[in-house]
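In what comes next, chain A is part of two complexes: it sits with chain B in the first one and with chain C in the second one.
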Partner chain A sequence: MKAFPIWLILGATLTFLIGPFLIVIFAGLSAGEALAFPPQGLSLKWYAKVFTVESFRASFALSMFLAVFGTLAALILGIPAAYALNRYKLPGAETIRTVVAAPIIVPGIIVGLSLLRYFVVPLNVSILVALFVTHTALVLPYAVRVVSSSLNNLRADMEEAAVILGCTRLQAFIKVVLPNIRGGILAAFILGFVASFNEVPASLFLSGPGVRTLPIDMLSYMEITFDPSVAALSALLAFMSVGIVFLAERLLGFSRYV
Partner chain B sequence: MSDAFVSLTDLTLSYGKTVAVPRLNLDIKKGELIALLGPSGCGKTTTMRAIAGLLTPSSGRITIDGRDVTRVPANKRGIGLVFQSYALFPHLSAFENVAFGLRLQNLGRDEIQAKTQAGMSTVGLEGFEDRKPAEMSGGQQQRLALARSLVMEPKVLLLDEPLSNLDARLRLEMRNELQRVQKETGITMVFVTHDQAEALALADRIVLMKGGKIEQLGTPAQLYAEPSTVFAADFMGFENIFATKGDTLVSDKGSLPLQFQSTAEQLAWRPSGVAVGHGPYTGRVVASSFAGGHREYVIDSALGPVKADASIDISEVVIGQELAFDLPQSTARALTK
Partner chain C sequence: MFLNRTEGLPLALPAALFTFLVFLVPVGILLSVAFQNVGGGFSLQGYVDFFAQPLNRTVFLRTLKLGVLVAAVSAVIGYAAAFCIVSLPATSRGRVFGLIVLPLMISPVARTYAWIVILGRSGIVNDVIVGLGLSRLPIRFLFTETAVFIGLLQLFLPLMIISLVSAMENVPKDAVPAARVLGANWMQVFFRVILPLTKEGLVVGGTLVFTGALTAYITPAILGGSKVLMLETLLYQKVNVSNDFVSASVIAMILIVMSFSANLLLKRIATAKR
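Showing the complex of A and B:
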């Protein structure tokens, strides 16, 4: 009986973590016309319908673009930043670290509102550019953090050894540092990708006619049409995330870096 | 010195505002094996990093083979450096580690292959080409690091604490290995160590450093037999060092009358130089340990503790017993400061 509370806690935790996911999967399998649980009969028609909705296709493409290229941009900025913070005693390094982490700390809704009010509207920036900049900034903390912890495990004398063998500092970075933090970079990419793809609050403010990310598009779809296709799409997206993380774990031991 | 191959002239090295090495002068001959010896913080590693070009001197000059390299960056100096941690590239195989520097030189495939192969066999690592450094033992990693530097045919090979990460048996083996490689290649080597036994065994000349300055420079035999300062004597195993005042030896614990005339400010004896079992002094044995060929005693005398080695032929003296001893003139070393 002693173990009982532990099993209860574990059971409750799993229920609340995985339960919604299961509900969404099954709600999407409904044969009925409205989003409901338990589903009314079983069919795959809503899963099929997801692929025929034009706006889903467009917003999926946009979200994919933002997740891939926003994260890449964040890595291009973040890797040198992590390297500099790690290897050199910079004045104000702690301040820089805090500023870089800010996008995680500041609520996305505030980021979105202020970007709209003080960046997009006054400067007349296109929504697409604003979204790209926002997603890059939001992913940057992940890039810097994860790459930093990777660099921490890499001894600085390896680069010196490469320099003594004839490398320039840049060559040493490319030939010795990069290959050894590859896992960390990939982990940062996956984290960033998922964070960007799932981002709602900031993107909510940065939507225009025909330009919205997939989660926002799903929100507005649900306001008009209350059919199970949103549940089906949610389930598909969840599977995509799980698949990516699973692959990363298998190929690289992803959990070592996070 | 005209035959200097590596010359450090008035070399001043600092980290920020802290001067680690002030105005160092040192000449190293071609083919010499030099040990930079000293406790941590004495500037030995700093000096080595400056020779390698990893640290820019704040003033002074470094010449190698007649060429002023003071402002030449590390990757153009033609120097080899074996790091204390070996600093092998974990993502590359043993072969690629050794070939790393050669590949940067635009050599042909065959030449790289041949030189790398030769380098690996010089250090006895044939057959390990495909191993990753993590799959090799400490001794093998050490050899690999050595081979990686040697294939570049550096003018000078620097080694940072080359034996410190190895266990006692491997250390001996590697020591012989280093001497053999040095004989075979005739390369000029400078190695940094805090271990006097290592320096004595390997080096042609020892540069004993303290506080960024050269305390004493000489052959192992000279340093071993004739340390000229208290610091050098202490480092070379003269464990009994006492000041003299006229005809007495004094320490902060007390004094004893000196049995001979001396004008030296300090006198020093190795434990093996202290005569045990007879002599004008007596003391109480406070520690006794068996050390194979001899016994090591600590004798508490009027002068404070005296360390003495006694032959095992003499019957053992137990702790607490009185023991006669002598600090003879024949084994005394006179020190200046």
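Showing the complex of A and C:
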């Protein structure tokens, strides 16, 4: 094939995939009051306004908290599980694998509803705890998978050598295994962070007065108001996730682990 | 030294127990709701009632239809794009591939929101249509099946392209030129050479796109609204508007069964490969 149709097809595909997003960036730059493209004059006022909306600030803080600590909790549960599944012939390993992977298969909206009805209400748990638990469970499968693939590339002889030379199993893990799977752990963290931060369906039912994740807050904001601030916020968030992933790729070759 | 089988259990059990207790148990209870009658005995009445309502049937069929359509169209575009990507030199291939993956990192809310700007009453498409005099009044695109279809396609197309690119990388470099030299036209090259060699990638991509479209909430919520309900948005309505947990449980079961069977299929393909 000649070069021309190749670039034509790829150009059209990329325009379809990325073009709408560029439009959002520009719609957020509008100086007018209503959402429109091309924007009516250029200004940064909507980008600035985003930072002054109280509910956005609160929900941004909540989403950050969930993404950071939910992912950390998932790693604390997931790293030992990945290690055990990799290094031991566990009885019931297949069952454990299936249970841990379940959150990927069950659609998020069902998870949120179930937790609200049969965890939050009967046990009188706060919405915040339920959100934290949900985000941890949703990120856990990624943590186990990415750390596992990183462990797969690490030969078990090194730990055996450490144990023979007098380390306890725990010391061998901390001194030999952990430094070697550092990259995989960081990759799992980034993947989990982005997944948790962008999560909508499971958090949909798990929102109460003042407790709302940022994407849910944006959804309800755009139902009421049609100004360009959601466009500006969308653009800012996208720069954040793309920036994080880009840095990760540059610094540690992120895509090797995913 | 790693033969002591049970020694590793305390490491893996916390994760499994956590997911089981806070995740599977509540979901299990929700699913059981539709199988109980008022007295608590077993009954399928919830399912019968659900499918007796025309609206529910419409939404169920629409969800299936959109899932299949999105998967089919993304397969067509995906093959064209993947074929172009693998024929690029290595450096530009990496860059283009990066751009294809990029949207997956962006919040689906942001990606779907873009279509309001494009398809809305004062959006770009309507500006062009009214500006060219093709129609006197703006045409309604939002809250139609077409809008939902476009939104879903844009959301999930990258998954199809990724699967097809990795499948096409396994097609021997000379296979296509060889078929051409031997007199095959492009149709024959596709159906007799490329398709059989990339079948697995097509199934993987198709399943990912189909289940993704089936279980998407944001796109039908923003672009379909209450006019074009899909199963997920219907579930939300059943709970928040009509407080109907039996129907919610039925929908949950449908979604889980479809998502689970798709995953079984994927697993089978993955193990068959090895």
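Worth a mention:
The criterion applied here is as follows: the second predicted complex is superposed on the first by the 249 of 258 C-alpha atoms of A that agree within 3 Å, B and C clash if a C-alpha of one lies under 4 Å from a C-alpha of the other, contacts with A are read in each partner's own complex, and residues count from 1 in each chain.
Going forward, a residue touches a chain if its C-beta (ideal position, glycine included) is under 8 Å from a C-beta of that chain, and two chains touch if they have at least 3 such contacts.
For clarity, every value in this text was computed on a predicted model and none was experimentally measured.
With chain A as the common reference, chain B sits beside chain C without any clash. Once the two structures are superposed, chain B and chain C can be ranked by residues of chain A touched, with C on top. By the document's definition of touching, neither partner reaches A:Val68: not chain B, not chain C. In the superposition on chain A, A:Glu160 makes contact with both chain B and chain C. Contacts of A:Gln171 after superposition: chain B is touched, whereas chain C is not reached. By the touch criterion stated above, A:Leu10 is placed in contact with chain C alone, chain B being left untouched.
By the touch criterion defined above, A:Ala58 reaches neither chain B nor chain C. After the superposition on chain A, the angle chain B-chain A-chain C between C-alpha centres rounds to 100°, nearest 10.
By the touch criterion stated above, A:Leu90 is placed in contact with chain C alone, chain B being left untouched.
Using the contact criterion defined above for the overlaid structures, shared-chain residue A:Asn180 touches chain B, although it does not reach chain C.
Contacts of A:Leu128 after superposition: neither chain B nor chain C is touched. Once both complexes are placed on a shared chain A, the shortest Cα to Cα gap between chain B and chain C comes to 5 Å. When the two complexes are superposed on chain A, the residues of chain A that touch both chain B and chain C are 160, 163. Those residues of chain C that touch chain A in the shared complex are 1-9, 11-16, 18-20, 22-27, 29-30, 77, 80-81, 84-85, 87-88, 96, 99-100, 102-103, 105-111, 113-118, 120, 122-124, 154, 157-158, 161, 215, 217-218, 221-222, 232, 235-236, 239, 245, 248, 252, 255-256, 259-260, 263. Taken together, the chain A residues at the contact with chain C in this complex read 1, 5-7, 9-10, 13-14, 16-18, 20-21, 23-24, 27, 34-37, 77-78, 80-81, 83-85, 87-91, 93, 95-96, 99-100, 102-111, 113-115, 117-119, 133-134, 136-137, 140, 144, 156, 160, 163, 194, 197-198, 200-201, 204-205, 215, 218-219, 222, 230-231, 234-235, 237-238, 241-242, 245. By the touch criterion given at the top, residues 155, 157-158, 160-168, 171, 175-176, 179-180 of chain A touch chain B in their complex. Of all the residues in chain B, the ones that touch chain A in their complex are 52-54, 73-77, 79-81, 83, 85, 87-91, 100-101, 104-105, 148-149, 152.
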